[in-house]
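Please go over the structures that come below.
Next, two complexes with subunit A in common: one pairs it with subunit B, the other with subunit C.
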Partner chain A sequence: MSVETRQYGDLSTQLVLESRRSTATDTLLKYNDSLVRSIIREQRDLERAAAPLLLQAAAAAEDDEDNAQPPPPALMILQTAILRNKRCLLAYHHHRTARLRDMYWTVGGALPHLLSDADTRSRLSPHEADYLRQYHDSVMEYRADLGTSELDIMAGIEKPVNDLNVLVKVKKECGVIETELGTIDFRKGQRFMVRRADIEHLIVQGYLEELG
Partner chain B sequence: MDDWELEYDRTYGAGSGPTGNPDSAGPSSFEHGHHAPDDGLDIDELMAPVGFQGGNNGVASAEETPVQQLIRLWMNERHAPDILPVQEHLLAGILDHIRRQSEAIQLLRSDPSSSEEEHFRITLVQTEVERIKFIVRSYLRTRLFKIEKYARYITSDPDIQTRISASERAYASKQAQILDQHFWVTVLQSLPESQAHLDDTPLFTPSMITKPDKSRAVFVHALQPCPPVQLPDGSTLEMDKGHISLLPFYVVEHLVLRGEVELV
Partner chain C sequence: MDSRDRLIIKVFLKFSNSLGPEALSKVNEILGEIEASDDDVESIVERLATEYNKQDDAQMKVSVDVLERVYESLQEQGDTSDPDEKEVIDPSSHLYVIDAFEMPCWHWSIERGTFEKVSTPLTVSGSAESRVSAVRDRLDIIRQCVLRNEHFAPSTLPSRDRQRLVTLKSTKQLLGRAGERFLLLGMLTHSKEGKLCLEDGDGSVELDFSKLDEPGEGLFTEGCFALVEGEYTEEGTLEIIAIGQPPCETRQTARSIYGHIDFLGQGSTSILEDSKLAVRVQEDLADLHLFFLSDVWLDQASTFVGLRKMFDHCIENDFFPTMIVMCGNFTSRSISHGSSLDIQRYQDNFDSLADLISEYPRFSRYVHFVFVPGPLDITVNSILPRRSLLSSFTARLKSKLTHAHFPSNPCRIKFFHQEIVIFREDLMSRMLRNIVGVKPEVKSDDLKKYLVQTILDQAHLNPLTANIYPTLSDFDHALRLYPLPTALILADKYDRYKVTYTGCHVFNPGSFLGNSYTFSAFKPAEVNSEECFLDLDAQEDT
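And now, the complex of A and B:
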């Protein structure tokens, strides 16, 4: 379809389609900056097109107060397009923030881990990285408010604990970790039987793999 | 303090060795001899089998242990579309108890005079403490999830604010604020001024503020005979004890709040 025959709202349909695709494939797609910009440009054009009609309608209403005319149909169409585009833009960003929050909790709130991952980082807009930082601050505030060192709300809630100890295999070097059994230097390929609570976050972040 | 020692004696010493065979003893087959005084839960309660309580538990809260209450609270919260009232008192009691149990465990583990069998029991208690922590965590996180989802609604609705704790309120307003800010920097600030607001109310489109959908269907399990409720089609339904129904949440909301039914 050429640019000339494009309808109002086609672009935002594309944008919302991306959100749907993201849900269907359960991945965070790359932030579509150029499409967002095009829609914002379309919004400005629509606004410019609507402005004279608005003035006209206002003038008509003033001239003829008793015999009020309905607003011209062209204005209705422009305004509907404006509202729809805006809603689609917001929906796209909202959907992405929800995905970001999911990702945040999946790695157990390890924000540096999330942001230092080049692949993830390339898909985020700078504003989204900011959003995650603020989100992290907010969760940390809540955790501090809770005021208990016993209960870590960041730990997994996927499945309840069956065993205190867990057999793990080291997937990535993660250096020396303090555990209940003393300090352990985790080196790639080694296996350890360790207290789950001590290393749960390392499993979540992919340093260790749970065996059996 | 010797507090933990007393507690230890009370839980382990008093019983006549209920775990004869450590190999076959698991949390659910652990026999529990006595019931705790009402100062909180103790190890026996932590070890009591979880899930559905026996059928003859008529007036719920009177005979229920804190852990059973916690489990029901957690299940209700997980199933309800709306945010249920927070039970700060119960939660504080349980957190407090987890802390005391953990301290006792630490001391007992480092006590050289503990026997093999005692060590085995310590492991069981530790596991059970971890499991209770799991439930508390899941409960709090479920609430956080809903609060994030409805953050803007919560900040504008005084009624729902009474149902959440102070730290949850702070969390809600912070969430609403950072989401608004994110919308502003990504979308709204680039739009013409007349479009840069978050309070559009055009016809035939959903509101910009997401509200809990109270018409969502939930499975309801009656814990006691319930007064009749009015169904959406105008007829009434009177649930007997043990009755299970699939109903819109708003129909049974008041029964959930009064603890006459639970969501399953």
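And now, the complex of A and C:
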């Protein structure tokens, strides 16, 4: 972060750029705590700078009420900067939460799978991890209303399933797994013809690979 | 496969979990244990699966260990399903004594700007890299705190007084800029010529104290990190205008950034859980106490009288602590070079302590006892962190007490969301012996305050260079105080004190034997300690 700068709101531009980069490269970047903190500090500084101007304007308005003066231009600039910073902060966080939700749905709602990945975990701020947990709880609550058997809301909607059974190849060893139709021992490299509903989540989490 | 198995699988499938045969039989076992009827099975399994997925180490494939843990915690909660009865929490299940040698090592990574776990096995001898990185970590952790601090962060507003505001620089930037003012953060050391230098990650600069009126608050020792402001001169020295301790950060701030990092190796808790636990501790465990005793000299007969008195007193008033921490030295004089007779006597003293405590079944069965070795006690190593007491001395204590812990020095206690660090060392005298600067005319009260402030600001229990007081470099992180603990016990032979600084409660229980029997009682609900005295003159009664 360069210190030699700059005008109001440069920092928030950096923040928004980061969101852009995240979208462009399709990765979740590390939560930029220090930048967010400095923007919040800038907000406070801006507000401190605006406070005397506000008082001045109020005093001027009181002095002669007949021909009301417009607020001083400096105040307008400060306010614009404040609002813009706020918008950028909101945009950054909205973008991140949206990304987190996307990640959540791509792994089929398997939150432990997502959080146990050290690489992903290190990029989350603690608050984001809490957010994911609460989101997961809400989804689970909603899902409980639908009952156990009727509908799997976690299933993908992009590729509708046209077959009950599926041919899979084991990519990551996951040992003996009990399914409704019996026990299967998944060993790396083996192929199985199994009922889709039983192992859907294993495909999503990358243990199995769908063939053909 | 019967319908019940099928249902279990189905419910777990809903949570994207798969069961192995062991896990399936475990769930069946649990269902059998609580004699669930077929109608209830679904809701019970669902509850189980929900709780399972809340665990941090929950795998896709349900692990039996985690499942067992979940079931146990559910049982605890289940006992209090009666709405009239207030939820009872067993403090013991949230009480962990953590040995310094079991803590994971987190190393600060400048590139990634966060902590990274060191995966190589930690050894007592340490490696060349770990010796360097141990000291660098101390500096980097303080630096990242300083950079976040509002007083030192570069101004965010472009304005005229930006020139006046001095930002943190490195010694690398000094070269060829004589006559300019700089703010540096570095370690105070002596150079080869014996002059005082400031050393940071890039280099070092000689300090010139001639213009300085008086240093900032705190004890400046050789090896501590200080913020120094001064003018760089043609001679290559820095003429100091001001010197101060780095600012420190509250536990909440540090947790809000590094909350997901498991510094203690006991599973990380989220901030949300922490705040829930904090409320519970305050409401339900308001009268819970931990006792801290220091310098329990077992070779003095009066110590046993005092302990007996303390136990009697507790029973009389029907007031029992959850934990009693006894810090060394467990002998009033050094026996490290003593004869075999001395060592035999040392062991006998521990045995008689065990006998004494076992006379009070209420204590020996339910109260947790923690024995922290002091500088004079016999342990495997004498460098910090010190290993626990030798097991041959403590065999009888172990057999007589239900909950006896023998951790290292320093050790940590994790109690719900709180972290309590216990350190037995004659820290005040050691710091004063190696001091290079302090405000003139300090009084004893100031010294105590300065000591606490220095230790917390340095975020380290041993802010001295390796040649004065070395540490095991691979375990240097165990002495680190970042994030700040909730409470820090600096057991010292020096006078007793208690100070709260940036939200961290620091106290010294003082020697147990003195004009009266003294110890401290720590109240987690209020994060405060009380000094307790038992009169000596009542000896005749007992």
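A few comments on the model shown:
Everything below uses one rule, namely that the second predicted complex is superposed on the first by the 204 of 212 C-alpha atoms of A that agree within 3 Å, B and C clash if a C-alpha of one lies under 4 Å from a C-alpha of the other, contacts with A are read in each partner's own complex, and residues count from 1 in each chain.
In the analysis below, a contact is a pair of C-beta atoms (placed from the backbone, for glycine too) under 8 Å apart; a residue touches a chain by one contact, two chains touch by 3 or more.
Since the model is a prediction, treat every value here as computed from it, not as a measurement.
Shared-chain residue A:Lys30: touches subunit C; no touch with subunit B.
In the superposition on chain A, contact of A:Arg87 is made with subunit B only, not with subunit C. Touch criterion met: A:Gly182 reaches subunit C, while subunit B stays clear of it. Once chain A of one complex is fitted onto chain A of the other, the partner contacts of A:Ser125 extend to both subunit B and subunit C. Set against each other, subunit B and subunit C touch different numbers of residues in subunit A, with C touching more.
Residues 125, 127, 130, 134, 148, 152, 197 of subunit A are contacted both by subunit B in one complex and by subunit C in the other. Within the complex formed with subunit A, the residues of subunit C that make contact are 1, 5-7, 9-11, 13-21, 24, 42, 46, 50, 53-61, 112-114, 147-148, 150, 153-158, 167, 255-260, 270-272. For subunit B in complex with subunit A, the residues that touch the partner chain are 95, 98-99, 102, 123, 126-127, 130-131, 133-138, 140-141, 144, 148, 166-168, 170-171, 174-175, 178-179, 181-183, 185-187, 190-192, 194-195, 198, 200, 202, 205, 208. Residue ranges of subunit A in contact with subunit B, taken from their complex: 36, 40, 43-44, 47, 80, 82-83, 86-87, 89-90, 93-94, 97, 101, 105, 125, 127-128, 130-131, 134-135, 138-139, 141-142, 145-146, 148, 150-153, 155, 157, 160-164, 196-197. Against subunit C, the residues of subunit A that register as touching in their complex are 3, 5-8, 11, 30, 33-34, 37-39, 41-42, 45-46, 49, 107-113, 115-116, 121-122, 124-127, 129-130, 133-134, 136, 140, 143-144, 148-149, 152, 154, 174-180, 182-183, 197-198, 201-202, 204-205, 207.
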